[in-house]
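Following are the structures in question.
In what follows, subunit A forms one complex with subunit B and a second complex with subunit C.
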Partner chain A sequence: MSSGAISGPARAGGGRDIPAPAARWRDYLGENGVQKWVFYIPVVFFLLFFAAPMALTVVWSVFERTQFWMEPGFTLFAYDNFFSSARAENYLFSMLHGAASVVIAFAIGFPIAVFIRRRVTRVAQHRVILLFILPFMISELVRVFAMRPVLGRHGIVNSLLMELGVISEPITVILYSPLGVIIGDVMSFLPFMIFAGFLALEAVQNYIFEVCDDLGTGRVRLFTHIILPLAAPGIFAGSVFIFVNSLGVALVPTLLGGPGAVNAGLIANQAIVALDFPLAMAISTIMIVTLVALLYIGHRLFDLTKVLEPIS
Partner chain B sequence: MTQSSDIAVEVVDLAKNYGPVRALNSVSFSIEGGRYYALLGPSGGGKTTLLRLIGGFLRPSAGSVYLHGQDVSHLPPDRRPTSMVFQNYALFPHMTVERNVAYGLKLLKAPPGEIRDKVERMLGMVGLEGYNRRMPHELSGGQQQRVQLARSLVLERDILLLDEPLASLDAKLRKDMCLELKRIQEKVGITFIHVTHNQEEALTVADRIAIIADGELVEEGTARDIYETPRMRFTAEFIGDNNVLDGVVADISDGRATVDLGFARVDVAAHGLPAARGDAVALSVRSELLRIVGSGQDPEASWQLIPATYVEAIYLGLTISHLVRLPDGTEIVARVISGERSEEEFEPGSEVTMGWPGDRARLHVA
Partner chain C sequence: MNQMQWTRRAFMYASSALGTAAVMGQIPGATAAEGQALKIWANPGVHKVGAKDWSAMEAQAGIKIAATAKSARADEAIQKMVVGDGNKLFDAVTDNGGGMEDALASQRAIVPLDTARIPNWKNIVPHYREGGIAANTLRYEGKVYSTPIISNADSLAYDFKQIGAHPDSWGVMFDSQFKGRVALQNDFGPTLTNMAIYLKESGKIEIGNASDMTPKEVQAVCEFLIDWKKKGQFRTFWDGFQNGVGLLASGEVLVMSCWEPIQIIANRKTGDKADLHYGTMKEGHQTWNNMIMLTKGGRQRGAEELYYKLANVYLSTWFGARTLATLGYQPQMVGVDEYIKANPEDFPTSVQADILDILTRKTARFANKGNAWQNVFPKHIRAYQDWWARLQAA
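And then the complex of A and B:
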């Protein structure tokens, strides 16, 4: 029966009588069949894998802690635990780290994006952008771990600087330190700034730059009056990516931060390791609230709905 | 913004190469101040390259550009007395109409009151009063081009360059904008140089037209000269709806040439062209001057006649095109206004005689 159904459509053109199973098979695929429901797949996906886990995270954060799991109930004990311990302070500190990483990634990454848009031939631009995707093909664990022999006391950076006579003592503040975490975050997430910045600039027509030549805008004002405002939504999107990752990816402080280094992700991890699930959920809830607040501010500043709209 | 009759633009042996590709090949010409000038030619012919060289967006590979007698070949666009209106998408998308127009004056550090007055006046001139607070994406294509025009004119530089400014507009709007551009040019009195591949657009706006093709200046003249008396064969083929016939000079005397088309001999004015007996030449007759000489009609003696076979009539609204085939196989077209002349019907395949007034064909030696 099923073979008839599959070959049915092929026969349909010339065949004088179409087999009934084939017709029914096509009904299932038709506008009133699968096609009608296929549009709901993203909605189901969103509810199942995005909305539901977030809602559960919030709900579980107020559950009662048991020895190995938790039970339904309502208590703000986890939040109290969070805000009355060093965790709140660590969380703020981790936000500060995140902000520093964003600023440094902007300072390094956005000029790269501008350079690729303005100075690389149009046909080569996407290939150059592709180069910055390559590091993502390597496991993040390996990538972050590889920073150790670079930044360490006897690492490449220190050996090179000592060899050149720039320093006489190895710099130790760049590994197993807060600075090490920031360096790791920037190195790991810099491509996000380059991608987002480039995509925003790609939408800017070349004519715009020529008009600036015609009007005599000059380099500095071209950057502040034209490039920066036009790329602002992209820069914000890239910044959110980097901020959220440096807040949440526990790997970086674990490998590069040394003793006592934490970020929000690591605090949550530690809570899970200690089998304090409500606490882990409370931390996650606070992260969600932070992100939503950030997006709200961004939306008020740049109207993020415009990010996806073609310019002009 | 004064009406000036001196030479606004002079281009001497100007050439531009892109790597091994020669985009512009040693072009020289000049443009009088206060004129509306069109650079017309097929795509990829070098006209935009020429405009960009005049505007300073490209550096010449050889030759010089003089604007008002001053060599500006190595000056950037903002240091030249020119301003450019681009094809499309050239408004600052994050600025209102008002800020777009005001931006150039702000850079020049003009006092705010003066900026406001000038912007207001310019928006009035291009017919966009009250659009000050609109964003570019809220405007139609035609309105965006008007804002660009205002943004350039407000700088009061005395040569305006327009690079296919109407190419992205639909036919009706393009027609209106042509007249609008012409009106604005007459009002401000500065030199406009308008690049287009659309001959109708060029004929509408321009006082003078230069035909640019294959990196060369083919021909230059008033719009009427270019249309009615093209010197070059290329111009005849490009402008209007000309029938171009190949032949050989059979005889030349008293400023008139007899051209042997292979199946007929016709007489044409030579206008002092350097043609000698035996030279391969071409002659062009505009399709609206070509007639099917019907039976019973007695053409004047000066008319030149050739035999042909009728192919078909194509109805085009305003005009009807009668397509006929010559004995050597080329197809030519005679156009008549619909309903104006007696709309004779011809059988496809029937033998007809084509004719034109003797002084209306043009001889081309190149």
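And then the complex of A and C:
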């Protein structure tokens, strides 16, 4: 009996097994107890905080608008309003700006990731990559706001170029314009491309580069035929992060965009402040569909499961 | 309305840095109910006259105040007070007149007031008594539901050093010599109303009510703006107090429709580099106010007396003089000029002339026949939204 609490169930009276407290706890916490259910926590979390809100967004988008809220019903008016108004046009422009930001971020960020992976010593690589986290420690509002004294009419860029005699009039197209928004997006979200690219390259074993060197593979060929295909899932993941933020973060067009500049997030926000909740939900649903479609295409092209899969 | 209110929040936070006068004595006979604080949901800066905390307001009212910071977003206020727990949480709430009182009263979230219990109501500026739209901004179905706190007539700011003149018409925004140096507020409410006032009063477009336009009128105003946008007249549409200040102070734009405190702060920032003024437009301006309302829950909890004491402070010359001097807003009561002159220890004679000059110009701006009061929920709000989206896309 004394050891039963540790070694197994206790036996009492008529021979029926009665678990001792410790054994009972072990059963509760064991493979058939809590452990069995603990694996469902992420599923419950996903259902509660991702699937349910998304489902509600879709359902609310077909509700009837009332003066201050909405009521159950079925109408596609919000979708009709979205596609028949200039909002669809604004949304497409927002996607175009997002795509441009992705391309520029790739052109700048991926070479940085390759450089860190190939040229920086293994020990220092993670420290260098962590440097790119530093900007994220500053409020995004401050970061974006700080670009205005740099890009403005009397900003650092214009003052410098005028001082050097490169220009005689300030360049105004770099701020309060679509280009200003793209510059803002790239500066804000560039680290996503660097991180994702670096992580993707980290899975590429060094011997692959060594073999290429031994075989005399040129740099361009090495980049296009080896690095790019191996890092493609990571690049795509970084691109999605940038695209999503460009589409949804309202701060950049608000502070750096031209007259009336918007992105998808701002369009939805404007619908909410005008108390048009079904329209805001419809815009959000369209954003969800866009992103799911994007992920599906990306998965078909690059097999996104490889993003976190180390090469063995 | 909407973005304007949202962005005004930023200013309300920022304005707390302006400082205000020291705590004054209590109003005779005004004593707080034992242990009970008035729970208010209010803009954190302007509604305590820019002070760091509510102590001066508490001392004036003779009550305790438990304040919760509130943005001025219409959607947030409606959700909280109509479908949320606002009535459980708050005894009083502040917001914009000319729509929010109607919305909240129609949903029975706020209760009518007995103005006889607010001694300073007798000093309220006359246009709130005379009927018409100004009076309606405080009323729902003829009953008073709110006490005004501040108001203003929105106009445009300009850099006199660069322009070399004091414009008196909104037409200056469409002067081709300022191409690319003009900014509008990124909010369809005030922007379309002010532009409608300009187009109506200058005879360019026939418009009935500038603050409650028909869809065709909204279209005409927006097409006018789209045309000028395509010509490159506008540098940007500003959003947010600091954003507006930055645009003016940096010299990025020379003419900008904005709130008056933006011009005041930007002018302080620029020093001698610019000479920023806030104009009075002959066509008129959008006028607006902020007000405080007693919630149904507040009355049920017996907070009525506390509300009336605070409302009395908002209609006191003590509050009016300070809100004018520090934030540049229009006092909601008469007698502010006499109060300022009678209190040189708080308003030194060296600055009295400037403050009174602002009040004189402000009063003249309010008297303009072309003015239109803000309408938070115009009848054809969807037309406003849709055409604003087209202007954005143009």
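Throughout what follows, the second predicted complex is superposed on the first by the 274 of 312 C-alpha atoms of A that agree within 3 Å, B and C clash if a C-alpha of one lies under 4 Å from a C-alpha of the other, contacts with A are read in each partner's own complex, and residues count from 1 in each chain.
Simple rule for what comes next: contacts are C-beta pairs under 8 Å (C-beta built on N, C-alpha and C of every residue); 3 or more make two chains touch, one makes a residue touch a chain.
Keep in mind that this is a model prediction, so the values were computed, not measured.
K.L.:
When the two structures are overlaid on chain A, which partner does A:Tyr176 contact: first (subunit B), second (subunit C), both, or neither?
P.N.:
Only subunit C is touched by A:Tyr176; subunit B is not.
K.L.:
Would you check which partner chain A:Thr57 touches, where first means subunit B only, second means subunit C only, and both and neither mean what they say?
P.N.:
A:Thr57: touches no partner chain.
K.L.:
If we overlay the two complexes on their shared chain A, which of subunit B and subunit C does A:Gln205 touch? Say first, second, both or neither.
P.N.:
first
K.L.:
Of the two partner chains, subunit B (first) and subunit C (second), which one does A:Gly258 touch, if any: first, second, both, or neither?
P.N.:
Only subunit C; A:Gly258 stays clear of subunit B.
K.L.:
Between subunit B (first) and subunit C (second), which, if any, makes contact with A:Asp276: first, second, both or neither?
P.N.:
After superposing on A, A:Asp276 lies in contact with subunit C but is clear of subunit B.
K.L.:
Give one of first, second, both or neither to describe whether A:Ala86 is in contact with subunit B, with subunit C, with both, or with none.
P.N.:
So A:Ala86 only meets subunit C here.
K.L.:
What is the contact status of A:Leu215 with respect to subunit B (first) and subunit C (second): first, second, both, or neither?
P.N.:
A:Leu215: touches subunit B, not subunit C.
K.L.:
On subunit A, which partner's contacts cover more residues, subunit B's or subunit C's?
P.N.:
When the residues of subunit A touched by each partner are counted, C comes out ahead.
K.L.:
Where on subunit A do the contacts with subunit B and the contacts with subunit C coincide?
P.N.:
Subunit A residues touching both partners: none found.
K.L.:
Which residues of subunit A touch subunit B in the complex?
P.N.:
Listed in rising order, the residues are 204-205, 207-208, 210-211, 213-217, 221, 225-226, 229-230, 309, 311-312.
K.L.:
Could you list, by residue number, the parts of subunit B that touch subunit A in their complex?
P.N.:
Subunit B residues touching subunit A: 55-57, 76-79, 82-84, 86-94, 103-104, 107, 136-137, 144, 151-152, 155.
K.L.:
Per the contact definition, I'd like the list of subunit A residues that touch subunit C in the complex.
P.N.:
Those residues of subunit A that touch subunit C are 67-69, 81, 85-87, 89-90, 93, 145, 148-149, 152-154, 172, 175-176, 254-255, 257-262, 267, 270-276.
K.L.:
Considering the complex alone, what residue numbers of subunit C touch subunit A?
P.N.:
It is residues 2-3, 5-6, 73-75, 78-79, 82-83, 103, 107, 180, 183-184, 186, 229, 234-237, 239-240, 242-243, 246, 250-252, 377, 381-382, 384-386, 388-394 of subunit C that touch subunit A.
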